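First chain written, first letter: the chains are A, B and C, and each begins at residue 1.
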Amino acid sequence: MSATTTKPPALGRKHTGSLVWHLGALLILAVILYPVIWVIGASFKPSKDIINSLQLFPGHPILSNFKGLADGIADIKIWTFFENSLFYALGSVVGILVSCSLTAYAFARIRFAGRNLLFSLMIGTLLLPYHVLLIPQYVMFQKLQLVNTYVPLLIGKYLATEAFFVFLMVQFMRNLPKELDEAARLDGCGHLRIYWSIVLPLCRPALITSAIFTFINAWNDFMGPLIYLNEPGKYTVSLGLMMFRDSDGVAANYGGMIAMSLVALLPVLLFFLAFQRYLIDGMATSGLKG
Amino acid sequence: MGTAVTLVKDSVPTTRKARSAAPVTKGRRGRRENLAGYLFMSPWIAGFLLLTAGPMVASLYFAFTDYNLFNSPKWVGFDNFTAMFDDPRWRKSVEVTAKYVVIGTPLKLLLALGVALLLAQSRRGQAFYRAAFYAPSLIGASVSIGFVWRSLFSDGAVVDRTQSFLGFHVGGWVGNADWVLYCLVALTVWQFGAPMVIFLAGLKQVPRELYEAAEMDGAGPFRRFWSITLPMISPVLFFNVLLETIHSFQIFGSAYVVSNTYCGPADATLVYTCYLYQKGFKDAQMGFAAAMAWMLLLAVALVTAVLFWSQKKWVHYEEDAR
Amino acid sequence: MGTGTNVERRTVLKAAGVSAVTLGLAATACGGNGGTSADGTVTIRYSWWGAEERAKKINQSIALFEKKYPKIKVKTDFQTYQSFWEKFQTQAAGGNPPDVFQNAVGFLRKYDRRGILLDLNSQVKAGNLSLDHFRAGVTKVGEVDGKQLGVPVGSNTMALVIDKKVFERAGVDPATGWTWDDYFKALKTIHDKTKVPGDTGYFAIMYLYDLYLRQNGKAFFTKDGLGFDKSDLTEWWTDGYGRVKAGIVTDPKIVAQDQPKSSLSAGHGASEFTWDNFTVRYSAEGSSTYGLAPIPTMDGKHTGQYLASLMLSASAHTSHPKEAAQFIDFMVHDPAVGTIMGYDRGILASTEQYAAFKPTDTVSKEIAQYEDTTAKSGVLGTITPHPSGADTVEAAFLRIGGDLGQGKTKVTDAVKQFFTESQAAFQA
C-alpha cells in the first residue's frame, strides 16, 4: 500500500497499461469481495428480502436482526458462544506457542540421537489425514469421560501435534546464526536459557504468525466442536451459529442467522486487518525458505 | 500449509549433516544433549504416541472389526472393505470427492497463478490487492461463509439471476443435484488467495536478468512464461499442487453446512468425510468408518507418492538454493 | 447458561495462562457428572431435542420443579432431532446417557435391547411416578413387552396441513372420509388453477406411508422388520415420482433449497403431511393461513391414524432413579407445567395438564379440535413399538424417497437401496 504514494505518476502508454491493470485487478476484487459485502448489506435487511433482493445495501436498513441477537438464543446469551470460542482460541494459542516452540528448538538446535527419525515422523504427520485418527480418538476420549469438555479439542495443541507450526518454527530457528548459542554456551548457558532468552525472542515473527493462524483456525473450527461438545452452553460460535438455522419445528430466523454470521466473521476480519503482514509473509515464506 | 518443498530439499542434506554430527553425540556431552533433546521433545513425543501413533494402530484394528460402541470390537476380517465396495453410497462419495478434487484444485491453482502473474507485473498497490485476495482464505472455512454461500446460490439469488440474465436458466444450485457440487467448487476456488501468495513469493525470486536476456533473444511473453517463469516456479507449483490436493480430499465443514447437514440432495455433496461422519457418528458403525478412513489414507498416500515421483520430471530445483 | 458456568469458565480462562495441566483439569471440572453434593443435593441431567421456544418453556418448567424439590437440581441440554440422537447414541454407548431424556416410539426397542432404558414400573410401584390420569390410554405408547420404558408428555397424530388461501382459490374443500383419488384430483385442480403444486412430497414421508399401508391391512413395521414388500414400495414411489414430473407435487430441488423452511410455508406447495402439533411452525414461517385437513382414505372411513407421542424416559444407568422418576412425574402431571408447555410437544397427555391448558391461539385450538374429532370418529388404531433400527430406516426412507424426485435414480434401484439399508439397520 505504501508503494502507491512514493512513485511518480507514469505517463503515456505505460499509463494506459497501468489503468487497464488496475481495472482488471479491481474487477476481480469486486467479484471476490462480493460475498463479504453482501453479508454486511444482508444483515440490515428484513428476512424475506435477504435472498431475493439484489440491492446490495437496503434502501431502508433495519437493526432488528442485531437487536434480536441481544436476546440470545434459547436462553443462552450470544456472548456465551464468543466467550467459549475465545477460550478455545486463546487456549489453543498458548498451547501451540509453548509446545511447538519447545519441539522446534529440539529439532533445530539440539543434536540428539534419533532426531532425524523423529523429524521424518513429524513431517509424516503433516500429510496424515486427520480422519484416520478421528474414530479412535473419539473412542478414547469417550472412555475417559472427556466428551463434552474442551480437553479433546485442546490437548493436541499442548502436545505439539500440529506439525505445521513445529515445521514453521524449525525453519525459522535453523536460520538463526549458530554463533549466538555457541557464545551463550561458552558463557555456561544451558538449553533452557538459550531457548528462553535467545531463540524465543528472535523467533517473534514466527511465533506471531503461528499464534494468529492458530487463533483463526480454532475460531473457524467446526468438526471438532461438532463432535465433542454436547451442551449448547458450551458451544463455540460455529456451533452457536448452527443453532440459528437448525431450529426444527420452529421458523428459521433468517435475518438473525445472517446478522450472527457477520458478527462471527468480525474477529477474524479484524485480526486479519491488524496482522495481515505477518499472515501473508508467514504464508509466503513457509513455502519457500529452506 | 507450507512445507513440502522444503521437505524434499531438506531431507537429504539433513541426513548428511546428521551423519557427520554422529560422533559428537557420543560421550558425556552427547548423553546430556540426548537428555535435553528428549526433554524438549517430550510434549511432542507424548502427543505422537497418544494422539497419533496409538490411534492409528487402533484405527487399523477397528477397520477389521464390527464395532458399534456398545459391543466390544468383533473381528470380521476384510468384511468392512468388501461391504464398502458393495455400497453404492460409498462409491458415490468417492465419485463426489474425486470430482471435487479434480475440478476444484486445478481451477483454484490456475486462478491463483493467473492473478499472481497479474499482480507481479506492478508493484503499485500490490500489497493491497494481495491482502484483499488473501482474505477469503481465512474465512472460507467458517460456518458463516457456508451460510452466505447457501444464500447466494439459492433460487432467485444473485447467481441464479446472473445466470438467467446470461441466458441459461438453472435455478438455484443448492437444491439441484446436478449443480450443487459446483457451488462447493466455487467456494474452494474463491479461496485462491493462499496459493496465490505463495506463487507471488515464488515469482519474486525469479531473477530479472533471465527475462531481460530472453527479451533480447526476441522471446514473446508466452514463450518467456513457458521457458523461464514456469520452470523457475515449478517447486512452488509442486508445493501448491500437493497441499491443495491433500487438503481438498478432506473437505467436510463446507459440504456439511452448505447442504444443510444432509450432504445432499441426492447425495450430490456426499463428500468422503461426510459419509465417514454419518457412518461413524450417526449409524455408529465405527469399524466401517475406520476402514473408510484407512482407504482415505491410502488414497492420499498414493496421490502424494505419484506427485513426488512425478516431480523428478517437471520440478526444477536450483542446486545452490540454500 | 446460568452464572455458575460463567464463573467456572472465567476461572478456566485464567488457568489457561498458567499451564496445560491446570487447564486440562479445570476443563474437566467443567464437564461435571451428575452426582450428589455434600449437602445432599442431587443433580440430574435432562436432555431433549427441539429448538429455542421449547428451550425457554422447559427452563421455566424446571424452575418450578426445583422450587418444589429444592434438593434436586436439573441440568439440561438440547440439540436438533438429528444431532440429539447422534449425541445420545455415543453417550449411551459410553455408559453416560442423560438421567432423563425425551424419547419417541422409534427408539424404544433399539435402546431397550442395549439395556439403556429404565423400566419405570419399579418407580411406579415405589410411588415416585404415577401412570394414572392419562388421556385415552396413551401410556400404551411407552410400553414394550410389559415394560414401561417411557411416559408420554403429549400426543400427536399425522395430519394434512393445507394452505387455506390456495385451497380456497382453487375451490377445493377437503372433506372427512375423502379418498386418495379425491386427494390426487384435488392436487391437480390446485395446480391447474393456481400454478402452485398441490403437495410438497408426500411419498417420502414414512409415517404417511405407514397410514396408507394400515388402510390396506399392513403396516410399515412389524416387530422385527418391514411390513411390506418391494412391489408395494415400487408402486408408491413410482406414482409419487410421476406426480413430481406432472408438477402437482413440488420439485424436490425447491424443497431442498427451502430447507430448513418448509416448502408449504415458502409458498412452493399447497399442502404437506406432518404431525398435527407441527402446524404451529407454518404460521410462524409463512405468510398464508394454514389449517388441518383429514387424511385421505381407501374406503371412505379408515385413515389408519393412531396417537403417537413424545415421551420422557429415564436411563437404566442413572444413579438417581428416584429423583429421575419424580422429575418425570412432575413434568407430565403438574398443571402449571402444562400451561407453560402448551401443545409444543403434542396435545398434553395427562388429564391434569390437558385440563389446565386452555389454548387461546387459533392454531392450538384447531389442533386440539382435530385430535378430538379424529378420536371421536373412532378411527384411531394402536401403535406398536418400532423394531430396533427404525430410526435409521426412517432417515433412509426420507433421504432415498426425497432424492428420487431429483431423477438421479430409477425407482427400482431406489427401492433396492432402501431394502438393503433397512436390513443392515435392523441387524445393527
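FYI, contacts are C-beta pairs under 8 Å (C-beta built on N, C-alpha and C of every residue); 3 or more make two chains touch, one makes a residue touch a chain.
Predicted model only: the values in this text are computed from it and were never measured.
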item	value
Pair of chains joined by the greatest number of C-beta pairs in contact	A-B
Chain of greatest Cα-centre distance to subunit B	C
Centre-to-centre distance between subunit B and subunit A (centres being mean Cα positions), rounded to whole Å	16
Where subunit A and subunit C are represented by their mean Cα positions, the distance between them in whole Å	39
Numbers and ranges of subunit A residues touching at least 2 other chains	98-99, 138, 142, 155, 158, 245-246
Residues within subunit B bordering two or more other chains	69, 154-155, 260-261, 281
Subunit C residues counted as touching two or more neighbouring chains	82, 90, 93-94, 260
Subunit A contact footprint on subunit C (complex, rising order)	1, 5-6, 9, 12-13, 16-17, 20, 23-24, 27-28, 30-31, 33, 47, 49-56, 59, 77-83, 87, 90-91, 93-94, 96, 260-261, 265, 278, 280-281, 284-285
Contact set on subunit B toward subunit C in their complex	68-70, 88, 154-155, 171-172, 174-177, 260-262, 264-268, 281-285
Complex contacts: residues of subunit C adjacent to subunit B	82, 85-86, 89-90, 92-94, 114, 252-260, 392, 395, 399, 402-403, 406, 408-409, 417, 425, 428
Footprint of subunit A on subunit B - complex, ascending	1-7, 9-11, 14-15, 18, 21, 24-25, 30, 33-34, 36-38, 40-41, 43-48, 50-52, 54-56, 58-59, 62, 69, 115, 118-119, 121-136, 138-139, 141-145, 147-149, 151-152, 154-158, 161, 190, 194, 197-198, 200-202, 205, 236, 239-240, 246, 249-250, 252-253, 256-257, 260-261, 273, 276-277, 280-281, 286, 289-290, 293-294, 296-297, 300-301, 304, 321-322
Of all residues in subunit A, those that touch subunit C in their complex	73-76, 80, 83-84, 86-87, 90-91, 94-95, 98-99, 138, 142-143, 145-151, 154-155, 158, 230-234, 243, 245-252
